[in-house]
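Listed next: structures, encoded as structure tokens.
In the two assemblies presented below, chain A is common to both, partnered first by chain B and then by chain C.
Presenting the complex of A and B:
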């Protein structure tokens, strides 16, 4: 059993920060909360930690109702976006501080701190102060402090957001390994879909204070339950358009149409929302089944090996992502190819239809 | 490397040189001039060497006022710094009361020094002052114009009233700059209120407190106006601090030589303490 939210909601004044939420996170697993800024990720973490009481509902942890239990009586540790360490303690004393509060013996403390320091590559710096180390190393201290406690719940609130690119990648690669052996339930928040995919494990997508989907990360990405999950879990943003289903074809307008996939050909004729990711809208015809549409270039971004083009296609703002370098002028007309095999269809309640 | 022979750029520093000369160098050199010579007026000067310095350093009067000054400054720092921190810790961090508290705290700082002296003088008068009358009616014999202890207590109380706010405001600003996450992390660790103060707030306040102590040291070490208006240095010489004594020698007795020598010694003491603080601050900078 792991952490479970039962009808948990949170209001501050008249603002609803979290709508009533039922969420049961996998035990001993790496859980990612994915959502934009202000989507309620940090509030959810604070509720799980017990730093804030929920407005309504209950929080259960390992089969126990912990709703009113103060944070220091729970087995929780937390890592923040800012690098939080005791400024005038050495690295050693910083990592040892939770053990000191727990009253662990000196020899055991030394053993555990040293093991943790070598796991996080901090052993050369044990005698230094946090301010003398780089941002990445400071965050490593904070992570070591969270891990050394052996808590059953470890909460990480955008821990890599304040690091520069290189350090972020390095630490992100280590992250799942660090927590794999700890036996703790890990909850990790991020705003970046790519980061969630790289961390693996399980993902909950969060939008405006409501959890829209929870499941294994890759299946959340491949099969979003609804349009909101699909939007949250796509960077650059997912392309959408209103399409009419008539018979066995979907019509973008009178001139552009394509045949519906066999599985959903029997659906009721009505308006649906089609969604597809930018890398399924390419500048060159792929071998797979595609639909050719003409669009107007609004912005073209060239990176080392990719071209991202923002287009206006029949009144829809779409993004196309293709490999290779393709220079464009603004306002230029170009043909793009939509891969219909990768299209997702959402009904009028924004739920994904069976595909 | 090509060295240019054009030296005209030196003209650009002339305004600064003139400003510094009139602002600092010339007045200071005048004092230095007086401190090594004897004069009997008529702009006639006689070389006196380090005689005045010897005289000042050996004079019991100087020792006494220096001692009084040190005792006063020590008392001020010992009271105002802990009190300031305590008040800042009690102040609300958010809500409508923040601005009310800040304005109330800033009020004493806005009052001119001589007004503070005059205010407290009247306030503490044993026959008509609110404070003085009240203390006397409690059965305590209190008269700051006659009793040395009462004079000291009143002077210290006045300074605490006037300047604790400065420590409060600086500390409060320091406290506000500590991210909320630190307090959350401490709660998760199960740290006590004392531990939060000792291991998070105090280290984070380190720099701002150094500045507060430095400012309070300098101001109280050079204090003149307030005690001059309140007690005039009395009763007797009991509240004659260094600067009051200096003015007495220079303007009261017109002993320009000893006064100049004393000024320089005074200046050196202040400079020395500032240098010690500066070094300590820079060393802390390296650490945190």
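Presenting the complex of A and C:
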């Protein structure tokens, strides 16, 4: 039950929302579409659902071309960022509505709705109207309605974005469990890299209407194909700098250099982009091999157990993330330690070089 | 400012507003002789004779029946036509949609007198003159644009994702529209009906021009100030009082929704 986009693109007026895209999302799996706002996540979901026709290309589902098939005839359900429920129906009728339209018998409907309601902890509210419930409960209704009809494709468009922090965490933990037994292909969009990592499964990174990478979530995170994927899949943003490779060393400038990892030591001598995540640039020396560089503090954010420092290091704006509380003054000079084992190198086409 | 002074201005304002209505109601319980003869703040000789006359004389009570018939026909037609039109304006983008939407309003910019002659000629030629449907259709010219504007505002407040969710659940368009969408915007329909009702109920010129006997509205009946028995001011006041009642009645039912209509800037 895989969904496959074949050369799908979408233009609205002169704006390209989706560049020609080939993407095959894994069946029976939790797929995450990760990208910033306006990267085309929602458009891609709407194309998969059939709510919008693609400008070009075809959409295949279960080995069948469904490009022109109206949404009513597809086995798709969708949950939106806004809490969308039928305001004039009770919670019970909201969840039961797809079954009613399908002509499922009354007794079976009751049984399925009640099972779904208890799974989503909605059983005390079945007689109430959605507007009387909290945002988290309203979104649970929408999720229950999407699940109750056992559709083979479930699309979730930033379903937790409008919820407050606590509810979001709670529902996020439940999310993969809810869909585990459904046998459906699930596509979930989010702007938060952390959310993608927590949900697991597979991730596609999206940037400005183009899919830059698709694969198992952890491997996307560890081995980004290119600089764009690395940037999309990093929060706080990934640190980058131009480095020159000369012989077996990388030079940030004349005074800061480090030895290239053995695997890429044989690469051509030229300018590369080095990228490393903020938690690999620390305020104290680590056990692994590090390079010490001095930088100027621009902003320091202290959270409960972490210190995030924005630094200017030789003209590059970097972010350092360390555990512990380290107060800083703005403009202060400090030493930071870059863990070179975790550096990723990108060539001039922004493709990651193999290491 | 002390407490009593704070109430002074609203009290005067309300008194000022209520005075003509009080005077009308008070006159309706007086005899014509008292109205013309003495200045009295309340009826000296309380009488229900004026009301009895209206409820027994067909030339009077038929006026109310005629008015109610064409007002109801007009309200039903206006809202029924405006619902799909407003849905199209709120949900679809098409060539010239914004111009068309604005053009609808321009129909309300012309005074009804402009249309009195063409309607009169048209209805006389087609045999619709002096029928209830003639007045109802004429009022549609003003009420349909108004209803479209009001309903479009309410419909645009409903996210289009609601429509999509229904389609994804398997609803056909019409099933969704009738079972889910119309109940969702019930408040808007109430407000639109109220304004259609009100406009049609108070409009005099077209209603008077397009009728003579069979569909003569109450407002036209009221404009004859003198009859064979001379001036009947008490009777007119009673008729006026009865004319206010349906409006007050309708306003009572939609009072909560009207505030929403005003908030949307469409009323």
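Heads up, the rule we're going with is that the second predicted complex is superposed on the first by the 354 of 355 C-alpha atoms of A that agree within 3 Å, B and C clash if a C-alpha of one lies under 4 Å from a C-alpha of the other, contacts with A are read in each partner's own complex, and residues count from 1 in each chain.
Keep this in mind: contacts are C-beta pairs under 8 Å (C-beta built on N, C-alpha and C of every residue); 3 or more make two chains touch, one makes a residue touch a chain.
These numbers were taken from a predicted model, which means no experiment stands behind them.
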Given the alignment on chain A, is it a clash or a fit between chain B and chain C? clash
Mind working out whether A:98 is in touch with chain B, chain C, both or neither, as first, second, both or neither? both
So, A:156: does it touch chain B (first), chain C (second), both, or neither? neither
Quick one: is A:51 in contact with chain B, with chain C, with both, or with neither? Answer first, second, both or neither. both
Looking at A:77, would you say it contacts chain B, chain C, both, or neither? Reply first, second, both or neither. both
Tell me which partner A:129 touches in the superposition: chain B (first), chain C (second), both or neither. first
Doubly contacted residues of chain A, that is, touched by chain B and again by chain C: 49, 51, 71-72, 76-78, 80, 82, 84, 86-89, 97-98, 101
Which chain A residues qualify as touching chain C in the complex? 49, 51, 70-72, 76-78, 80, 82, 84, 86-89, 97-98, 101-102, 142, 145, 149
Can you list the residues on chain A that touch chain B in the complex? 46, 49, 51, 71-72, 76-78, 80-82, 84, 86-89, 97-98, 101, 129, 131-132
What part of chain C is in contact with chain A in the complex they form? 159, 161-162, 164-172, 175, 180, 183-184, 186
Can you list the chain B residues touching chain A in their complex? 179, 181-182, 184-185, 187-191, 199-200, 203-204, 206, 287-288
